[in-house]
Amino acid sequence: MAKSYKEWEQPLIDLEENIAKLRERARREIDPSKRIAIENLAVEYETRANHYIEVMYARLSPWEKVLVARADKRPYTQDYISGCFSDFLPLAGDRRCADDQAILGGVAKLNGKGVIVLGHQKGRNIQERQVRNFGYARPEGYRKATRLFEIAERFKMPVVTFVDTPGADAGVEAESRGISEAIAASMLKMFELTVPSVSVIIGEGGSGGAIGIACSSKVLILEHAIYSVIAPEGCASILWRAADRGADAAKALRLTAQSALEFGLVDGIIDEPKGGAHRDPIEAATSVREAIISALAGFEGKSGAEIKAERYAKFRAMGIFGE
Amino acid sequence: MQKKPPTDAFLQCDGCKKTLFRNDFEQNLRVCPNCGKHHRLSARTRIEWTFDEGSFVEMDENLHSVDPLAFPDYAEKYGQAQAKTSEKDSMICGTAKLQGKTVAIAVSDFSFMGGSMGAVAGEKVARTLERAAEMGVPAIVFCASGGARMQEGLLSLMQMAKTTATVERCREAGVPYIAVFTDPTMAGVLASYASVADVILAEPKAMVGFAGLRVSKQAGVGKVPDDFQMAEYGVAHGMIDRIVHRKELPAVLTLLVETMGAGK
Amino acid sequence: MAKSYKEWEQPLIDLEENIAKLRERARREIDPSKRIAIENLAVEYETRANHYIEVMYARLSPWEKVLVARADKRPYTQDYISGCFSDFLPLAGDRRCADDQAILGGVAKLNGKGVIVLGHQKGRNIQERQVRNFGYARPEGYRKATRLFEIAERFKMPVVTFVDTPGADAGVEAESRGISEAIAASMLKMFELTVPSVSVIIGEGGSGGAIGIACSSKVLILEHAIYSVIAPEGCASILWRAADRGADAAKALRLTAQSALEFGLVDGIIDEPKGGAHRDPIEAATSVREAIISALAGFEGKSGAEIKAERYAKFRAMGIFGE
Amino acid sequence: MQKKPPTDAFLQCDGCKKTLFRNDFEQNLRVCPNCGKHHRLSARTRIEWTFDEGSFVEMDENLHSVDPLAFPDYAEKYGQAQAKTSEKDSMICGTAKLQGKTVAIAVSDFSFMGGSMGAVAGEKVARTLERAAEMGVPAIVFCASGGARMQEGLLSLMQMAKTTATVERCREAGVPYIAVFTDPTMAGVLASYASVADVILAEPKAMVGFAGLRVSKQAGVGKVPDDFQMAEYGVAHGMIDRIVHRKELPAVLTLLVETMGAGK
């Protein structure tokens, strides 16, 4: 049975709670020498915690990566948008029937210049999770993305997408409005772009729902994010009829950022703050911002045709086979 | 489908459970004369029954998977599928003719690991669409797949992107790209190159959907219609152009090729 | 109170019934001389009927034009498609959520060459009228049209549209899926075409629902068809709070084919068979076919840019004002 | 809206029926401080409150209808509207500036025959969009209209086609075209140039719809939601990008112009 995030993180949480208690005791302690002793103990505990974090995050197993990538403390698209851009103005709607709140997007400024930015948005609390459909985007979300890509192309604005979804909405309603077509059309539009595009996989890069907005000139991935053709539980359930063997499937699927880079399926890994992006969202956003700026800088002076051809060539080469 | 060895004179239709004469069934292109169910065909049979006799020229026939992830049991299953089907992978491609007109084709074989799309199937679709664009001829792709091949991990997800990218090549070249959805056309295949064809035809009652019915039911709160994820449902919901009976398919494809390929 | 079609056509129907009765009597009459006398009478009645038809159709009032244009005996889009083209193959769907059967369309051959053809389709019987929504197209219909226009553009196929609608569907469902956007986007796509396009208004050219698929290089109209910004009853209801003053509104609105030509808003009138298209649908379709072929012939040798610019210039010039 | 002469110190909001100090109301840009209702503005007031002070240069100001159909009572109503509003027709156009950046604008005045679009309004929108394309500057159009002007018959229907055609000019020229839906934006205006803007903003609770509510109810069998044909409904149904409070509109427009106009 694969560990849950809570089980896995429990030792660290216990440690951190102890540190907090010690700090509190130190604060209340009147005797200066006792206070110093308690504070010293707290510092020692902190060192241990820091070391623990360092060790545990340096060698996360694939399944632990899954747990971290899905952690609900992790920064979401909205956090990266605020951290990377100024003057974000959300634009809504697919001009067909709805506005899907599982994909957030609009115009923003990066270094004073206009960009189109969009991404899957999970919710922070129960109400928002409902509204955001837990990051499972509906056809309307991909069609909103497609519309924003069209705006980018029309006004020669670079595109930045953030990927963070367990997968596209697979429900009856989504099927009835063509979730498959919506994903495919969004990808096709991304390949038509003559402006540079950057995608950052910030958490869960879940199958078709992820690739639907990740066909970019440069695809970057956070150190502890995952990118997978299928959720490991689903894979285990199909292969071994054992959804609880997610850890085995996670290993077999090679769904880590590091594997994706090794196979040449992403263009770079963005280092996370020590202990994961959620321990320092501002530092994480700063790294992401720098990575986006540097990725876009690589396209300066290139023609639209070159930009498009380069993107095509990159994806065209993906796949390993014998002949 | 067969309850008895294929050499038998009778078989049972798994659509309506009726016992059929194998001869009648074969002559009816494996469409049940009783319930109209279009039974699955191997890729080679489909090619034989759709395109001008002897016109198929196979290409890229040596492509095969190298098990890039060393995925558990993949090599073994792959070998078994090869032995069972005498094919190298789930997709066959090349050129063929329709009433004398050359077309680039790719045809999926569901009997090879559920027609799943790994790097080989993706590459063959991509080459077919590029070939159509380069030769200035229409592309016709027959889909029959459960989706991406998870044993190739993220590499197989990327086939969705790669194949879709090559659709753009056909559009730029102004060559029509026609997809035919056969039973089943699902998931990663449906959500990539299949759904952005210029014209989409489907065989009657072919299953066409994003996720398995079980997953869709779990995900949704709405009630599931009787014809959910059938080709007919796809037509009603605007995703498919036409249901075409197997025996009419050559004529319909020819008409499309003649009308849409005539402007150049 | 404006006359209904039935009231207006009654004298003719009575005459035709009398003729039929005479013919029947003649058939049964045994005495040859009596039979000849009856037959002569029938011929005389027929001459009168023919004369009556000629006179009544030569000077139809605007309201009578409305009645004729809406008559349920009139040939519909499907009839013109079969009469004008060979090998019509209907294509379905908006690739968004539905297939609207109020707009029928697909590929067909005209003189052996591929064309895209589509139009509003009313129903012939009660069931078909329900299915076709009485020719009131929904957003999905205009989006199917837009998709077919894209196919036409991609493969350089001329476009032919048939217009025959009381107006677009104005219901709650249609509103919820953006009927306005769908009409506007369809028009915009028509203006993007670099292939020639021909629209034929065959019956009711009803407001936004009509213009949504009528932005063509050449717009032709049948002799007794109407083309109007608003249904005359609706106009009367707004202006005079009297829906029954449709005849007055029809006159004021100048909604006849002849007025449209006079104002330069259509490019030509196609003569109908004597007594209206419904009296000889085959002859009507033949005239329409010839008019389409001749309209398309005018674009041979022109570049896509010229074709597009010409269409733009034509519509750009529409409007009479002082300055 | 006024129940009392406009010089009075008080007025009643027709949204919430509350009595308001005229001064407060005016300073709040005629947005009710109680219920948030955005009361209608004349075109000139809107221009004054949206664009850089004194930057508006009016163009095509002499365009006027010539009653081409000699439509019953049209000349009389037209004259009355001119007298009431001191405008020539329902649309005002020209150039203006947003934080110093030049834009081409057209602004509809609902008080002139319900903002209806005849040949003059259509021509002014067309010229504005062409002007934006030619000058390489963004186009901003404020909509406030019951639809086409039926007194100009088919000529007014053709304004739908004409104005939509000129949107294509902006797209070709790569200049952004922004529409702002104010109360009400209906019928032939909504179903033409308004709905194909690159970005669509709307004032809170503006009525936005294809047909009058009565007609929609007659036509449909479904139940009518409470917010039917409100701008908020338009956002929920994917047709409108954002609801923007009147006082934030200049900043939002400026941001759009800066971001979408910066790539050239």
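Chains here go by letter, A, B, C and D, matching the order in which they are written, and residues are numbered from 1 within each.
What we mean here is this: a contact is a pair of C-beta atoms (placed from the backbone, for glycine too) under 8 Å apart; a residue touches a chain by one contact, two chains touch by 3 or more.
Small disclaimer: the values here were computed from a predicted structure and weren't measured.
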item	value
Chain pair, B-C or C-D, that carries the greater number of C-beta contacts	C-D
Chain centre separation (subunit A, subunit D; CA means) in Å	41
Approximate Å spacing (C-alpha centroids) for the pair subunit C, subunit D	33
Geometric centre distance via CA averages, subunit D-subunit B, whole Å	51
Junction residues of subunit A, two or more chains touched	95-97, 143, 176-178, 181, 185
Of all residues in subunit D, the ones touching two or more other chains	195, 237-239
Chain contact graph, described as a line, ring, star, complete graph or other shape	other
All pairs of touching chains, each written as two labels joined by a dash	A-B, A-C, A-D, B-C, C-D
Subunit C partner contacts - residues on subunit A that touch it in the complex	95-97, 139, 143, 176-178, 181, 185
List of subunit D residues in touch with subunit C within their complex	60, 62-66, 68-69, 71-73, 118-120, 122-123, 126, 148, 150, 152-162, 164-168, 187-188, 190-196, 209-211, 215-217, 219-225, 228-229, 237-239
Touching residues (chain side subunit A, partner subunit D) in the complex	87, 89-99, 107-109, 113-115, 140, 143-144, 151, 154-157, 195
Residues of subunit B touching subunit C in the complex	171, 174, 176, 195, 198-199, 235-242, 252, 255-256, 258-264
Of subunit C, residues touching subunit D in the complex	136, 168-181, 183-185, 187-188, 191-192, 207-208, 210-212, 214-215, 227-230, 235, 238-239, 248, 252-255, 259-260, 263, 265, 311-312, 315-316, 318-323
